[in-house]
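Order of writing sets the chain letters: A, B, C and D. Residues in each chain are counted from 1.
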């Protein structure tokens, strides 16, 4: 077993070295779907609403030098997300030429969308992320989560993941705890 | 070669699965050394200075649920960092019971400290990170970098890395571009 | 007429000088009634709500050295403000030992409350103010408006005023323009 | 005496009514001279410096609807302000067609500049203001002070004043307390 682990470790480093060569020219695709992340306050009506995504602003704030390509697929509250919306997201992921994809998404149904994507896509690394507080409200976790999601998506093997609270979760072992607002595993592996 | 890569991929997934079991109880050690990250504005003198670290505040903002243990080793500008300081950091990393360590550090000599650590420590995953703008100045990249560093440190194999600008760099292939303020590779791998 | 104006100017200065003596020991009463000013974002429900007032925080941010005394009368959206609520505000103003009073209030019905107060109170300087964006959302006009209201209340003669957008308005010549979200005069004086 | 005070009060109200007619078309001149207010953090050198003034941004944030006209006279630390600089400011105030003028200024020598202006200008209302924390650093008192200065300048009679900490001070009875960073009277009136 020890020999195997050592073997794995060597292979792991080989893989990382190979991957780094690829990484250099790799573009990360970001699909925007809305969610708390991009909500704004309408000062005339006093209501929260969607205008434009703040992803570019966040990437600039993070002094991010990764190659990214941002496409807004929709701007909706994740409670309003239907199977048709998820179909659009899945199709977009499949058609994208990039193999590493981030999806910004409302937190309430993030796990449902992750599941829908995992059923259809096996050969790409897809990381869903979001925020508990709108970016525009100052005290947002969005910048932290984006830094985290961009890091995980560069390294994790193919699969569908959720990056929240500094962690990554496999799509099939994750839920949002409604009381705490934090993501957690459903069961220990 | 194809068979090897497939083999690697399987082993990689096995490793990730194994690692996940460990991750659950893993504590990440964070050593604070100062740097722009934690600088504050002294409104009486109009000068920048160090008071306390804002790491806990940043982790709370990111709604981070990882187990972390923060120790402030020093609070200095990285231009003032001597070999003695680096010795303290290295010793602290070696003595730490954790295998995954983040070091917050000024950006100007971050690469030098990474080199000093890499010479002495081979069996831990150490990620150095920092900020171009103090956290207290509102528009800081610190929260993004912390999210990124915490994610990389959970997954990268043993070694010393720098996490800045959404990327990770090996200690021996990284420099800060003084004109742009961005980190970059010294050579293509 | 010129002589009169000159006379007024002298008297005006005399008044200011007299007033200044009083000002030194003057406490300004602040009544909090809620409004956008103090709204917060509930990250578990995604809704805006009231918790505590941020007035003390704002005064600290402004390094305000005026003597103020803050009392929260209610924490409601101004669209929910009834005649009973206005009765409470008026009674509180009358009973207050201070002659200079600021009321934080939602903008939608601020003018209505000003009118209700003006009918009952003649001998105090009362300034209503509010915000278009919650203080907690970073880009709030609240701090500006508070600085403005605190300044106007120290100098304006007895009467009921609204301080918004850097201006003061008499209670009987003010409306909120629902399209622009700005306050304006109803007619030229 | 009572009759006199009542007389003054009536005249005061008449004056306010007259003034309001003028106010409507009044433009407030704002002269920018630098100071902490407009300092920024140079992320390449780690030093504080001046770029452009943020006055327009602050006025927009405050949803200010006053007519203002902003001119940048200089962008310097107030410790570097010489008699020549003060000459330029005084000349600019004299030549300005506006009678109500705000000057943004570093806090360290604000009182000195106020004195220099008071010696030369008797017939205008001039209010100097500044900030203890740069506007760009998030937690600035600048927005509060600007709201306050704009309010005082509309109402105070001719003279030179300092507006800081929510108060106004006559130029000849004001000093900055170096220990607390707050402005205070030199003597009771």
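As a working rule, a residue touches a chain if its C-beta (ideal position, glycine included) is under 8 Å from a C-beta of that chain, and two chains touch if they have at least 3 such contacts.
Please read all numbers here as calculations on a predicted model, not as lab measurements.
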| item | value |
| --- | --- |
| Required minimum of steps from subunit B to subunit C, each step between chains that touch | 2 |
| Chain whose Cα centroid lies at the greatest distance from that of subunit D | A |
| Whole-Å separation of chain centres (CA-atom averages), subunit A against subunit B | 22 |
| Between subunit B and subunit D, centroid-to-centroid distance (C-alpha), Å | 45 |
| Subunit A and subunit D, separation of their C-alpha mean positions in angstrom | 48 |
| Where subunit A touches two or more other chains, by residue | 132, 139, 181 |
| Residues of subunit A touching subunit B in the complex | 7-9, 11-17, 20-21, 24, 58-59, 61-66, 132, 139-141, 143-152, 154-157, 163-168, 181-185, 188-189 |
| Subunit A contact footprint on subunit C (complex, rising order) | 36, 41, 43-44, 46, 48, 77, 132-134, 136-139, 178-179, 181 |
